[in-house]
Every structure is written in C-alpha cells, then in structure tokens.
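Supplied in structure tokens, the structure appears directly below.
Should a chain be cited, it is by its letter among A, B, C and D, assigned in written order, with residues numbered from 1 in that chain.
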C-alpha cells in the first residue's frame, strides 16, 4: 500500500498535468506514458510485487501485451492474481478469486518477500533523493511534522528484498529533493525511476536521466529536479505508447472504472 | 510421535504382562487399566496434545465417556480431530477429515503448542527419574549408545509448553531409574504418571505413588522402581474400569483393528 | 469456548479504557461495526494496533478514543490521506496521538511472534532507514552467522477484534478470501471478539480459509454487514464510493463530528 | 518454472553426492519413490534432513547413502525401531552416521527460518535438556525482555523433495490433507523436486491445501503411488502391514539387503 498510487503518485499528489505535459502530443496522458514505460521493463518471467494505481496498471498491462507470464503478487497475500479489471485496492476480492493461492500477510512478508522470491517491486513516495532513497513518512520533522504521510507500509523491506525496485513518481523539485525529510526506504536496489517526464536509472549509485518522454526536454527534467541532475550521454527519447499498448491500457482502465 | 506408544510404552517395549499383572481380576488388560486411568483425568474442557497408542486411546475414550468436549490436537497439524476409530499414526487421513482445521507443522508447534493453547500433553519414554524428567533418546552414552532410541520428537517442548504433562509408562527398574542416561525432557510440569501398576503424582518435586491398580500391591510398585519410592500416606486403590468404560474402550480398539 | 453474545455486550465486557486493542482485517473484513461500538461506548486512552489504520482508525482517532497508534501504513487506500489521523499527529486534535511506527513486515512479524508466545519477532528489515530512530526495534546477532537482524517486540494486545464471514453455533469461526493477519491478531491477543456475517449450522470449508476454533475466541457477535464499507468476500463488495466520500467528511473537524454523531453515535447499536 | 520430467532425470540433474537433501512428508505423502531413485542412482555422503526419519530414511541409511542425519524422531511409527538407523548409529554399518538431533519444534522452526531466508529460527525450547550439549543450538537474549530463547540454524538444503497429490500442466503443485512441513521444505531449499500422483488440467482447490506455484519448484515428476507405503489423502491408504513387516526386514542386514535388491535396485525406475 505504499507503492505509487496509494503512497505517492496516484493519490496523495493531486493530478498535476495529465496529458498537458506532453506538449501537444495529446493522444495519451502522462499517467499512461508512465504505465507503458514501466510495463515495458517487465518480462515474461518477472515475479512482481504490485501496489495499487500505476504499478498495478503497468503490471497488468505487461500481462496483456508482451509478458503474459508475468506473475503478480500483492502484499495482501494473493499469489499469481490474474485480475480482469484494475483492482480498487490491493485486497480486492477478484485478486483472491483469480490467484493461484492466497497466503496470510505474515507468510507473504516472511516466506515470499523476505524469502527472496520476488524479482520486481514497485515503490512510490513523496520524496526521492539522488541515490534512490525514498520518503513516504513525513514532510518536516518526524515529531512535529508539516505533513504526516501514510508511512512506509511494505516499502522498507520491499526495497531490500526484491532484485529490482521500480520507482514511479512524478518529477518536481518538491519530490526530487537534495535531502529527504525522512528515509523510509533505501535506494540500493532501485533500477530505475519512471516519472511523468522521463526515465532515470541508478548508475554508479546516482540517478541519471536516460530517457525523456515524447515532447519533454532535458531542461524540463532538470528544472523538475531538486539537485543537479546527471544526464546520460546516450539519452534517448522514450518510444511513444504503441496503438496496442494504449488499447490494452484503456481496456483495463475502462473495466476498472465500470 | 514420542508419546507413549511410539516412543515408549506401546511399541518399543514388548507387552510385558497384559492382564496377568492384575492377578486374576482378568477382565481387563493392564493397557486398558492405564488408558482408563488416564482418560479419567481429562475433562470436558481439556485441550490435549495426543500421541499414538495409549494416549490416543485414553483421549478418545474420554471423548466417548465423560468428556465429549475434550479437544484432540495431534502434532501432525490436526486441530479438533474426532476420529471414529483409533488412528494408526498421528498423521492418519481420518484425523484430517474430521478435524476442525489442519495447520502446518511449524504453525502447530509455534502458534498452538508454544502459543500456550494446549492444556494436557501426553508423553512416554524409555526412562523416567523421580523428578519426572524423561529419556527417549539413548540407553548408554550418546556418542556410543547401547540402544539408540527414536529421540525426543515433540517431547522437549511439549514438556514445557502444556499446563499438565501426563506420562504413560510401564513400571520397571529399567524404566524407573535413579539416573537418566539422557534428559530428553524436563519434569517440571508432569502432573502424574500412569503405569501398569498404579498412578504417581509429582508432589514437592518428587513422584509419589498415590494409587495402585486393583490387584497390585504397594510392594510390587516399590520393586518395579529403581529408586526408593515415596508412597502417599493417603494411597488408594484405583477404581476398576467400569462396564461403560470397558465397552467404550473395546469399541474403539475393535474399530481400530478392523 | 466462545460465547455468542451481542456486540455491545462483548465490547462492554472485554474492552476497557487504556487497553491495547488490535482491530485487524487487511483491506478485507475490516471490523467497522465493532469500531463503531467502541466509539459509542466512549472508550478512551486506547492503544490501537493495526497494520493499515485506514478509515476505521480515522474514525476512532477523530472521536478521541486513542492515546497511541501502533501501525505501518495510515492512509485511505486508493484515495489519499486520513485527515483525522493527520490532524491528531499534526495538531493533537482532539487529543495527542503517540505513534509507534513499523513497516508491514515488522508488524506482521510482531503479530506472528505474539501468536507464537515469543517476546520478539525477527526479520531482515529496518536497517538503513530512519524508522530505526523512531520506533521500537532492536538488532540481534545471529549466533551462527554473525548477521545483524531486526527484532521487533511481539504484539500482545489485550483484545483482538476481527470480522469473519461465519461462525457455527459452537462459536467456531471461518473466514476466507484475503485472510490477512487475522489469525495472528486473535492468537496474539489475551481476549478476542469476532463479529460475523452469519451464524450457520455447519461450515462448508473453503480453500485458503482460516478456521479459529471456538476455544481460542472469547466472544462471537452476529453483525451482518459488520465490515462495511470494506467488503466481505462472498457477501458484499467494497463500497468504494464511501472511501472516496470519506475524503471530504474527514477533512473537516465539524463535518466529521456531525457525520459521526448522525451515523455512529445515534446509529442503532448492533 | 517447474519442468515436468521423469523422476530419474530430476534426481540425476538436481541431486549430487554430498548434497544436503530434505525429503519431507509428515506421516503423509512421504516421497518413497524419490528415495528409491536416490538409492538406485547410488548417491553417497548425503546429509539427510527430515523431522521423522522413518522407513524411508531407514532404507537410505541402510543402503549407505547418508553421511549425516539431521532429525528429531527416528522410529517406525506405531511399530518400533528403525534397525538400519540403529545399526548405523550403534555399529557404523554400513558407514558411520553423524547425527544432528533436534526436537520437532526446533526442526519446524529451522525449516520456517529457511523458508523465510533467515539464518536462524527462534523458539522457547531445548533449555534444561541434554540435547543442548549434542546439537547445533544457541541461546539468544530478547532485547526487550531479557528472556533467553533457543536459536536453531536455518535449514537450507540443496534439494527439497516432497510428494503431492497433483500438479497442473504448468507445474503448479497442490497437496492437501495433512500438509506437514512440506511448503517450508521446498521454500527453504535451493532446488526442489515434487513427485505427484497425477497431472491434471486444472486444480480443484481444497480446504487447508497448500499450493506451490510452478516458479518455486524445479522439477515435477508424475509417480503414481509414489508415497507408498505411506498414504496419499484421497488416493490410497497407508499400507500399515508394510510398516509392521518392515520390522523383520530391517532387523537383519542380509534380509534388508536382499529386500532392497529385489524391490528397489532391481525395481523399475519411475
């Protein structure tokens, strides 16, 4: 419940500029671009720890496009869930109904997450630093916070138990900060960060901009970052969402809203 | 699997004197007397950790006579088993089929036994000392044993996790010893020991003979004990098995053998 | 053996001021009706334990029932903030709220340790986070490998409260679907209350279901729709509109107070 | 993802001499056919792990496959002694057998720790017994209460082997009835082999069943009656006569050797 969506991207941040950030591309929203970009990094063999919101959208999109074998594990205890529509919460009934098995929450965290059986974990946050460390706990001082956020939930151990952490987080100087107000989870295993502007990868311990989404400039990404952003020499533009990806995504979203 | 029956009374010892020890009473065997005497100590509220053999017979007899509410828990994971016949092993299919629930063995030992939810645990052994400590591990030296016994199984933690330990063990100087060859489980929680000769209770940290079975003399019990046996001043004779008890017992045994 | 009683009797008899109380249900079978009864009976200074203090604890906290919260994720899932929780932490309204904050893995290990009657649970966690400085966690060394692992103190609530689909007439309980940490919450607690959708003559056992035998439960109360606005698998769906609507109700002290008066304080006790 | 292969291929590929191997099944679903395959393929110097090394390990030990035994109860359940086990311990026949002896609770905690990828398991046990001096156990102090608790090193076998009722064509596995410690044995092991009664198109899920998804299993082999003489709930009953007969077979080295030659070495591989 700390993944993007609940703890970060989706809900505690107001939707900033869905679509508008794409400077006229206009045929998809920035949320859709983020979901598509993240889904492409999942493979047919991936076992993913999935949260609600964009991560769930990305993982379910992967299952419906290039990675039908991708296994979805929700921290509520559902292993191998195959939802037909986007779940409203990580504990939706359909996850249990379509799962290979449902286990208890203590078992999920002990045997499955800590057990080292999960390849990919999605995380969101309110703040990220250049090393991929995340804050989803407080803005301001812990004892006298300016904003009390939901807290870490699964994040501290997801961040250290999965092989690859995928972060999904809208890019802004408020979120991409020089210094976290609180370190909720460690960045060591962050593989990349998908934002509404592009994709960053952790290279040599520091996040580096490796892709900008269509219609986004490197300067925009720099301005949206609270530290001096490293830019990869070989930076490329993200491949725009394909017709197939968008169709699959919208089918999912529509069903989820019905 | 270390309870009387598997680890002690029932099988590793040859049947010594079934019936004969009762000096002509002749209408029940000493096994039956032991099962009846143990079953009487169970109440309608008892939650029992049951092994195979005499303990299972005693607990199932209690359920069929004065304690229909007595809950049987087998270490194989079956909670609230209601077998119609005597199980052949602690893992018989009928235990699972008639149980309220079946849990994993790690859960059984962690949440249910160590959890402190079991009132009564039955134990057998090859040796017992005057403090109720038991040996079901080796006769002779551990590294170069004269006889390698099956080992502790559940006994070490049963002996310290249940409220009351009931020991069932045939009485002989070979079994009732001054000094154990190996301490497999502690005697602190032993409430009484049912033997083929009588009943001993742990009083002030030492076992004391409080009952002799019909046809058994106190001297017989003394001779069958490897230390100087304390005898309760108020020692009584065990009430012989009633017609009801014997009928219920034999119905169970017959079904078990079918 | 569980007694089958009314919810108000169960709460009256088993939950006292200053108790440590865990109401569990991980996104599913959240015992809302029981929380409302705690509010109606005016319990104070509770230490509330729950992995995901969502709307149910927002209500308890906003009504001033809690002195301390032990938790790992406090939000309105899929919607946003819990404003009553935030108001208590940020502005001590209506009373100050002490926090003992864990990760999900730490909370789960603490419940499992409690259920197993151990004083602490062990996990590979917390290390390298700022949580370490702000919660009850210690590090223990593996006597075989030398590795440092996190230890969390076991949860041992005075009362564990859950909602389940069914009880039988003997007070045995069955729940299924997402079963979360409910078994551990009941087994870790000194006493337990289970509200159920219905009382049946005999269970039909379900795959991945949890059965709690009557002798580990103190009180069973039949409260149909007792998990609303969360859901009861096989009985009713999550009332997602309510979660969305809670955002506006929770955001304002007066709106919240009026809503609670109308819907809970003056509601019909179960 | 599990591959569906023959038992002999699975054993050939995954089990090597000197491996630590756990064959589990608590009185039920004991993987006898897999043990026979280990014997036929002549594995040596294995460290065999099992809570209840009953007839299955008596056979492996008597055939000289094992160098070490990690266990908690070694008898012929309901019958008596394991004479091959005793002969190895008492007279080093056919080879010496090192023992690492635990209690059931300790073995269960060690498997659970292994499944959870922890280096040790914690329990309230062993204290005050002579086991402490003869096994791998240590005591750790609770950092919150000061209580001393036993720590056992996690089981992390090279290969875990179990028998289950069913696999589906993707290699997902389902077992039910008494499920023992099999889930933990598989999850604690680096590799795993599951023999099954049958391969089905789709599971019918059962109450209290365990499902192991294909991606945590290495090899599935279809071996009907692969648990005989133990039983497979819903398929066949325990062959109690065999357990009783084993007493006489096991008691004598020559009788044992002849029996194994006839029934296992010259038996038809699965």
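The working rule: a residue touches a chain if its C-beta (ideal position, glycine included) is under 8 Å from a C-beta of that chain, and two chains touch if they have at least 3 such contacts.
A quick note: this is a predicted structure, and the numbers were derived from the prediction, not measured.
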Both-way neighbours, i.e. chains that touch chain D and touch chain A: C
Higher-contact pair (C-beta pairs counted), B-C versus A-C: A-C
Centre distance in Å when chain C and chain D are each reduced to the mean of their C-alpha atoms: 39
Approximate Å spacing (C-alpha centroids) for the pair chain B, chain D: 28
Interface hub residues of chain A, defined as touching at least two other chains: 101, 110, 114
Junction residues of chain D, two or more chains touched: 112, 117-118, 123-124, 183-184, 208, 210
Chain-level touch network, classified as line, ring, star, complete or other: other
Chains grouped in pairs wherever the two touch, ordered by label: A-C, A-D, B-C, B-D, C-D
Touch list for chain D against partner chain A, complex: 1, 112, 115-118, 172, 183-184, 187, 210-211, 213, 215-216
Parts of chain C lying in touch with chain A, wherever the complex brings them together: 26-28, 51-52, 71-82, 85-86, 89-90, 101, 103-106, 108-109, 111-112, 123-131, 134, 177-181, 183-184, 208, 210, 231, 233, 237-238, 240
Interface residues, chain D side, partner chain C - complex: 117-120, 122-124, 136, 138-145, 147, 149, 151, 153, 205-209
Residue ranges of chain A touching chain D (in the complex, touch as defined): 45, 47, 71, 79-80, 100-101, 110-111, 114-117
Complex contact set, residues of chain B against chain D: 1-2, 5-7, 10-12, 52-53, 75-78, 88-93, 95-96, 101-106, 108-110, 113-114, 137, 142, 145-157, 160-161, 182-186
